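Per-chain numbering from 1; labels A, B, C, D, E and F assigned in written order.
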Amino acid sequence: MSGGKLSHFDAEGQAHMVDVSTKPQTPRIATAEGHVRMSPDTLAHVTAGTAKKGDVLGIARIAGIQGAKKTADLIPLCHPLPVTKVALNLTPDDTLPGVRITATVKTTGQTGVEMEALTAVSTAALTVYDMLKAVQKDMEIGGIRVTLKDGGKSGRFEA
Amino acid sequence: MSGGKLSHFDAEGQAHMVDVSTKPQTPRIATAEGHVRMSPDTLAHVTAGTAKKGDVLGIARIAGIQGAKKTADLIPLCHPLPVTKVALNLTPDDTLPGVRITATVKTTGQTGVEMEALTAVSTAALTVYDMLKAVQKDMEIGGIRVTLKDGGKSGRFEA
Amino acid sequence: MSGGKLSHFDAEGQAHMVDVSTKPQTPRIATAEGHVRMSPDTLAHVTAGTAKKGDVLGIARIAGIQGAKKTADLIPLCHPLPVTKVALNLTPDDTLPGVRITATVKTTGQTGVEMEALTAVSTAALTVYDMLKAVQKDMEIGGIRVTLKDGGKSGRFEA
Amino acid sequence: MSGGKLSHFDAEGQAHMVDVSTKPQTPRIATAEGHVRMSPDTLAHVTAGTAKKGDVLGIARIAGIQGAKKTADLIPLCHPLPVTKVALNLTPDDTLPGVRITATVKTTGQTGVEMEALTAVSTAALTVYDMLKAVQKDMEIGGIRVTLKDGGKSGRFEA
Amino acid sequence: MSGGKLSHFDAEGQAHMVDVSTKPQTPRIATAEGHVRMSPDTLAHVTAGTAKKGDVLGIARIAGIQGAKKTADLIPLCHPLPVTKVALNLTPDDTLPGVRITATVKTTGQTGVEMEALTAVSTAALTVYDMLKAVQKDMEIGGIRVTLKDGGKSGRFEA
Amino acid sequence: MSGGKLSHFDAEGQAHMVDVSTKPQTPRIATAEGHVRMSPDTLAHVTAGTAKKGDVLGIARIAGIQGAKKTADLIPLCHPLPVTKVALNLTPDDTLPGVRITATVKTTGQTGVEMEALTAVSTAALTVYDMLKAVQKDMEIGGIRVTLKDGGKSGRFEA
């Protein structure tokens, strides 16, 4: 086990919301990505819908934006943060096949927004599943990870 | 594209919350699974924590249970459902390496609970990520899928 | 002042959530309507958006559905109800000029869903305003009323 | 269609929460108004209640204040904002007849609070309807509009 | 340690939301009580307010009703329940001195509502504190307990 | 009645969320305490659980942290605040007998966090009750009070 430390626990191993009150307010950004894998048939419903009617991706995008705002309510030790930007991109990908999702979140605050970006992606992915489950039940949500985090003391992380 | 129909859209392609008011109230169950992949070093923090202090898995389990109760708030077209059971299992797995998560949700209602099970797994996975991100940023959440759904008109689904 | 009685207050005038525990569970439906009045120029943004991109009405429809689910959280003395259907219709109307909104909500429960229908319309109207306020600030939301309520002891109301 | 631009959509017409991270934090204020129209008989219940018991307006005022705090949860693309003041005024008006509602909201932030003021008025109006619906079902909520917005880059708006 | 069993933990000591899906839906009632102790001077503000203006108790009553509806959101392992009645009583008591609070909650469901009654009392007590803290900071909230629980398999409890 | 003033009411006695927009942003801290009194037998379940399995105190700690984040949603006239630290301590006490709870909350803002500290303690206490109610129904929650408040214009309060 490396020398790293789980900051969410104190010396006695009790969980707490980490004290960030002495950290400076700096501009923060994070991006995350993920996907919903499905059959080509199911994906055809998505692409048909986007073009004409039954806008699966548009609804999932809204759900992802709202999900980002609920992060501190969902993740017990997350700090509440006034996010200043949330944008999601949902793209059909025939080679997956399925839908690729990316999210970008910004704030000016005392702690990072990677959890907000991950929650946006997760909520959008769940919504894609929900809207398509009538035609396919064995879709799979995966590949959810942080691709960029910048703006705090710990420096830039890019994957 | 198969003959299946996206029930969340009406004939004009407008999204709606499907009318389930004439469906009978029946016992429903769903299970879902997923995982958080991490380095062996990070996983060592989890297993140390479970045994002694800094209970990552216990906190993620609580977050998952609460997440299941927020499903209709997160997923735009989900029906609100009074869930009657939520249980999560989080297990360290050296071969992943990482944490495997399963969730079981029950209700007696007019529609299924697979979205509640998936939301429980997703929220628990995000919480695992949050609690370990101080030691590793490139963990990945994946393999989120429904493994069982039973109790409604559409019959038993098992994967 | 008519002989009617404000059921939300007890004999001492203290507010309470009315006891509905002895009322039978019956199918309930309510519809409500409302509108957002705007300039023809602003409305042109809506109709352009619906046809091609920037889907104001689609996003407001989702907001209205989610708003219906938050009714008991917003209105202090409302009973929480598991709604079984929520549908909204948003239509550009050149004669207003503006957007007309209708909502239909169903449940099987011990009390009516007219507040859910009104809340759906109000939330959709606020969302329309939000999405168009960059081009016009003096839009007006109005005409919000119940058009149908049926299914309980008090009989059918239609307006 | 005027040259105005719907800021909630990007160049591809996809909805996003607008990036306000580079805007300065400035003091902001907005006021909004609206009304609930009802019969003189119903209004008599309100005025009787205010004077003696069954405080319809007091409860609607509280609901409006809480509604203002829920704005970013209700309106998909609204930024979460730490409001620094919310005040509502609810006045019986025999000439309407009905109840007139005004709301004032302040913040120090990167974006305006007109949606918070409109949401406060709407929530208060819905609560007035809820508390009086036992005696009148065909009340109407209307006249909801922004009357003042000041403090940001776009300058003062007054109606 | 008695032979009793903590039903919120499974055989491995892992927390779960207890499975109540096979329990019958029966009418349930619970009452709880509590108080806020304060100086006679502070209490005079309350009694003055109730009689004339600044209605501390009326606002705390509304907060308590809304708190009851948030119980499953606040208490991790609580089942969501559609409460069918919530009533609070707040009474100034010179002998305390302070405010006495009681709450009554009903549902027809598969599990009891004592947590809803306790949450109603707690939320009302916190609201009383909030509204009076400008004049006294060392008030104390106490005596919060269940006084009646009836309607389930475990029989009637009265204290 | 002292000369103090209930700041949550205006000159007409109408409740409002106090205007703090001209107050400076300063570092704030508050601590609160409380307890859950129970039989020695019930307390034995807690201490057994902490040591080995069935972690009552760990779950209550998480509930308290999340409760602190919900303060402005629960208490009608509280300002929403981005808390920067929340920590709870739950200690079995044989002399009570029962569980003693303390909470510490920090923010950098325009108003104090004593309501957040009190809400954290209350929510943790309710969760302790919930998890133990299967073995004892007549537990009592009490002694909830502010023990420290510092950082604002009104100066340091310590009890």
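We adopt the following convention: a residue touches a chain if its C-beta (ideal position, glycine included) is under 8 Å from a C-beta of that chain, and two chains touch if they have at least 3 such contacts.
Each chain and its UniProt protein: A, B, C, D, E, F = Cyclic pyranopterin monophosphate synthase.
In this text, all values refer to a predicted model and were calculated from it rather than measured experimentally.
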item: Same or different contact residues where subunit D meets its copy subunit C, judged by the half mark; value: same
item: Centre-of-Cα separation between subunit F and subunit D, whole angstrom; value: 31
item: Whole-Å gap between the CA centroids of subunit B and subunit D; value: 36
item: Multi-chain contact residues (two or more partners), subunit B; value: 14-15, 55, 58-59, 62-63, 66, 70, 73, 76-77, 82
item: Touching pairs - complete list by chain label; value: A-B, A-C, A-D, A-F, B-C, B-E, B-F, C-D, C-E, D-E, D-F, E-F
item: Subunit B - residues contacting subunit C, complex; value: 10, 14-21, 72-73, 76-77, 79-82, 109-110
item: Residues on subunit C engaged by subunit D in the complex (per definition of touch); value: 1-2, 4-9, 12-15, 34, 41, 44-45, 48-49, 52-56, 59, 62-63, 66-67, 70, 73-78, 114-115, 118-119, 122-123, 125-127, 129-146, 149, 157, 159
item: Subunit C - residues contacting subunit B, complex; value: 27, 58, 61-62, 65-66, 68-70, 82-89, 106-108
item: Contacting residues of subunit D [partner subunit E, same complex]; value: 55, 58-59, 62-63, 66
